[in-house]
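Multiple structures are listed underneath, in structure tokens.
Two complexes come next, and they have one chain in common, chain A, joined by chain B in the first and chain C in the second.
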Partner chain A sequence: MRPTRSVSGRGWRYVSPLLLFTIFFFFVPFVFIVIMSTWSRVDGAILRTWNLDNYIAFFTTPHLRVALWNSVSITATVTVVSVLLAYPFAWFIAMRVPTRWQRLALVLAIVPFWTSYVVRSYAWLLVLAKNGMLNKTLMALHLVDAPLEIAATRIATVTGFVHFFVMLLTLTIYANLRQLSPNYARAAADLGAGPVAIFRHVILPLSLPGIVVGAFLTFVLCIGDYITPQILGGGNELVLPQVIMLQIGRRADFPTAASLSVILMCVVTLAYLASARWLKLERA
Partner chain B sequence: MSHATERQALLAAGVATLVLGLASGAAAATEELNALVWCDHTDDAFIEPFEKANDVRVNLKEFEGTGAALSIIEQSQPGDWDVLIVDGVDVPRLAESGVLGELPADQLPIDDLWPEVVLADKHVIDGKTYGITELFGYNTISFDANKVDAAELADMSVLWSGKFKDRIAVYDWSLPMVGLVAMGLGKETASLTTDDLPEIREALFALKDSTTQFTDVVASQTALATGEVDILFGGGEWLTAVLSSEMPNLDWILPEQGGLMWSQSVGRFADAGNPDMALKFIQYIVSPEGQKALATSSCYWAMPANRKTGDLLSDAEKRALRWDQQAEYLARAQLYPAPGGELEQAIEDLWSEMRAR
Partner chain C sequence: MSALLNRLAPLYAAFIYAFIYLPVGVLVLFSFQGGRFPILPFNGPSLKWYREVLADEDLVEAMINSLFVAVGSSAVAVILGFLAAYGLARYLLPARGLQRALLTAPLTVSYLVIGLGLLMLFNQLGVPRSLLTIGIGHVVLNAPLCFAILYSQMGDHQANAERAARDLGAGEWQLLCLVSVPMLAPSILASYLLSMTFSWDEFIVAFLLSRFDVTLPVEIFSMLRSGLNPKTNAAGSLVFLLTLGAVILAELFIFRRATRRGRA
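Then we have the complex of A and B:
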């Protein structure tokens, strides 16, 4: 049955504030960035003439494509590892921890969120550095003869990211798992399914939306980050957000920075389209 | 406590807060000055004497590079800013673009500066002065003397020979680092062309192979101080002098090829909202008292451009800054490359290509 005009009108009144906010503080600035990406910086001055030179430069400059690949590959690794670690954690809280303790368990899970992101990265540096806590412990226990080279590598970058995003994914997966009726699992057990089969054929598919939402948020936040690769990765692998910051901070080349930002936005859009396909399961 | 008593207590607290706020407002400075600065200008020991002497409140905004400063300026209205701290090599283009305004040269202690840092070709355009050098220093080689012998670093090219593989960090700033590599190859930074880039590329890539990290100011100090690296390519007094009392083993050297000289200048905005106070602030910055506070700031140390500052520095501070060797160092130093157009883009691309390897 089609909604009446009064119902539709009320709906628009409710969403209008948020819609206007999104238009003025997202779409309009984004359109401006797209326009700026078609300008050029020549001899320190910004030329406001439309062209695709910045985009052509991206596709013809190998190191820029390498920077994008570094961003995507690090983000993909972080997303997969974070999901693999967060799911059992969220499952344990949702299914095994008594209800009256679940809130406390979640609070403890997100306590690291309370510290500054930059401070957390430097804290990991103190742990993973050549003279850091980890190496000192391993050498004191005679498990290694020389310090492990972890800081200033991709492993350190991924570790710092995963520490942050596991918390995010735990929340989204937990929220999904909590919504599942226990009758699904009971019905499957009544039909002869064991615990592993129940998880594979009932719990996991129904918790996929929570995984995908969390994974998408992880992807979006991770791919745009340059602080952790700089602090923990030692700046050894150039990622696209770093290139953007270098263009702005060192050269005031806003058109190039804008074009790279648009490209990054396109990658995020592709990730959204891939996630949206999986999210249809929730509506089914 | 009854509700009526609670309301009275809250009302009294509110009135007291309002009165205190008005009182502090009444005691506030009568003028304001707005300055875009590097972090070394934010110490209270530097700002407070000027504020008290001139009954002015100085509002400081830090930025991390000329590009960042330009983006702030682009988003500002005329009159928003009064004073700008900027790399000396960038003064000409800021003057030509109308950002910086003329300064009265006869009211500045130019004769008190080290002659090599007056840099008239950067600060004087068509007979008008647009800036004055406030601080200078070197991008050269910092190292941990407990782990590396200074004699091993006498020739800069040893850093891309592989001898110190995985023991080097590189200061993450393209133009000066490419300039420093160029000096290591015996080239002049002022006359670099795109024809020089293939040779520079080879050395730069070899340096990358020995490098464990690319660092900003803070990360550079951290990496050297914690022992993550033994050598910092691009370091200098700005990196190690501030740690000289706690970590005397951290040192710096000008190799035989010399070092790159960085210089900071101070200028007044052409559309400054408070031009007279801006000039007073600039005069304070280049006075021995202001220079002493800047030279030994908590952010990083630097050589004061005003030679008379030597009367105010302690012997330990002079040693950390190599005060007595400045004449020799300045003779072997070159300025940052200041390319334009195609060469600047090529250097930036080279740096990004090296970082992405």
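Then we have the complex of A and C:
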């Protein structure tokens, strides 16, 4: 796709609207967040002097550190569980379902995508609440005597997240598995490998890059999300986005919210560097 | 081992399907609940909660607001994205890699952080929060996506057609409207519809940048304060049905036709 014209004056006319829009409504606010994170809020007014107090406060205030830890541990759990659940499912659709039915199988697996994002978390609350579907069923079957406390714990948050990311990862892993030529598996079989050996030594290593990309996407979308932990997890174990929203809503403490956002972005960047490095090592 | 696997695999797939459909099934089932709580035992079916949803002016208004924001912000996002993709693909501009990186940078940042930055910017400038500020937020989220999709679709055969049109004396404006846009119409439509679904369903930016006029996800979120309620089930099921219907219609009437024409 080589450019055909070298009259760059005209080219600018096309690019500049989006470029200016992005600079004004994305980069300016972004820089503003970083600057705001070095200000502080004293007696209801914002004090515009540069300092690192917000960051020092982050590392010395237990409940803020705990929020970061909750975010990272919940996100890591969600990523691992989602990959483990989605991979065999995607494998089944790609390898065991007849080709002409695969599209239908895949579309059926993502229909609940189209429920609204807020509604999806609420729907899990219907299942997991103290008097919800799950507890009523378990008690009717006499499997438990008292209702399980699942709603408003991290188990509920993880369940809600895993539900969404299993759908997403099934799509990405399926696409990845379909790209693999069946000849690799055939060659391994000719050389005497059984089905388990073929999977372990051929299919799985070849599909790992796709898993890493999907896992990174899961990590980024999960760690920045407010709705699922807010609706399903409640206020017992706050995650970072919930704490950020509390700073804005209850106290209008924008400097603290800004510094927490910067920390959130740093965590995402670290995850990006880790997965990019892993992919590069794998390719080398 | 292999035989065991063959037997277990469909069972496992059935389990995952059940897991995927469980919350949606419960949501829709109890939207027809007769009593006051969306919990077992089910005593329906009744349509009274749907009547309540349609009689709820705030909810209907939020739905119209959402549609308005989705239609408008997606149009702006697609136009800005298309122009930038066209400019970068067809003209030799300095620092093209850097420009591409700048234009797609918003895709890598959490919606929460983008919303927070815009909220602080608008506060600083004294811009009141309204549907317009939500719309601007949604353009920030969706324009990079439209740009990335359309840039990847700018192929050589379109460039050749454009060169031919130019040789035949087409002006810049004619070239764009009569050659480039029609040739990319399926991708333009696809990115428009994708932006619309994202905007229609977006919560956090709309929540941060709205004040009196809210969008549908924000209104539904405020309904959750009343706890488990069959009315919320009915509203959620209705939105699900609307979205699914729109997706199926788009698939049947736009993309099916486009691929058939592409094959012919």
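Simple rule for what comes next: the second predicted complex is superposed on the first by the 251 of 284 C-alpha atoms of A that agree within 3 Å, B and C clash if a C-alpha of one lies under 4 Å from a C-alpha of the other, contacts with A are read in each partner's own complex, and residues count from 1 in each chain.
Everything below uses one rule, namely that contacts are C-beta pairs under 8 Å (C-beta built on N, C-alpha and C of every residue); 3 or more make two chains touch, one makes a residue touch a chain.
Predicted, not measured: the structure shown is a model, and the values here were computed from it.
Peer 1: What is the contact status of A:Leu64 with respect to chain B (first) and chain C (second): first, second, both, or neither?
Peer 2: Only chain B is touched by A:Leu64; chain C is not.
Peer 1: Given the touch rule stated above, what does A:Phe21 touch, chain B (first), chain C (second), both, or neither?
Peer 2: Touch partner of A:Phe21: chain C, not chain B.
Peer 1: Kindly classify A:Gly44 by the partners it touches after superposition: chain B alone (first), chain C alone (second), both, or neither?
Peer 2: first
Peer 1: So in the superposed three-chain picture, is A:Val243 touching just chain B, just chain C, both, or none of them (first/second/both/neither)?
Peer 2: The answer is first: A:Val243 touches chain B but not chain C.
Peer 1: Is A:Leu264 touching the first partner chain B, the second partner chain C, both, or neither of them?
Peer 2: Touch status of A:Leu264: second partner only.
Peer 1: Taking the superposition as given, does A:Asn131 touch the first partner, chain B, the second, chain C, both, or neither?
Peer 2: both
Peer 1: Applying the document's definition of touch, where does A:Phe254 land relative to chain B and chain C: first, second, both, or neither?
Peer 2: both
Peer 1: Once the shared chain is lined up, is A:Val220 touching chain B (first), chain C (second), both, or neither of them?
Peer 2: In the superposition, A:Val220 touches chain C alone.
Peer 1: Looking at chain A, does chain B or chain C touch a larger number of its residues?
Peer 2: C
Peer 1: Quick one: is A:Trp114 in contact with chain B, with chain C, with both, or with neither? Answer first, second, both or neither.
Peer 2: second
Peer 1: Determine where on chain A the residues touched by chain B overlap those touched by chain C, and list them.
Peer 2: Residues common to the chain A contacts of chain C and of chain B are 125, 129, 131, 231, 248, 254, listed in rising order.
Peer 1: Going by the contact rule at the top, pick out the chain A residues touching chain C in the complex.
Peer 2: 1-8, 10-15, 17-19, 21-23, 25-30, 32-33, 36, 85, 88-89, 92-93, 96, 108-109, 111-112, 114-120, 122-127, 129, 131-133, 136-137, 163, 166-167, 194-196, 220, 223-227, 231, 241, 244-245, 248, 254, 257-258, 261, 264-265, 268, 272
Peer 1: Going by the contact rule set out above, which residues of chain C touch chain A in the complex?
Peer 2: Contacts found on chain C: 1-2, 5-6, 9-10, 12-13, 16-17, 19-24, 26-27, 30, 37-40, 80-81, 83-84, 86-94, 99, 102-103, 105-106, 108-114, 116-121, 124, 136, 139-140, 143-144, 147, 154-156, 159, 162-163, 172, 197, 201-204, 208, 216-217, 220-221, 224, 228, 232-233, 235-236, 239-240, 243-244, 247.
Peer 1: Inside the complex, what are the residues of chain B that reach chain A?
Peer 2: It is residues 64-68, 70-71, 93, 97, 166, 169, 172-175, 211-216, 219, 222, 226-228, 340-341, 344, 348-349, 352-353, 355-356 of chain B that touch chain A.
Peer 1: Contact residues on chain A for chain B in the complex?
Peer 2: The touching residues are 42-45, 61-64, 66-67, 70, 125, 129-131, 149, 151-152, 230-231, 234-238, 243, 246-254.
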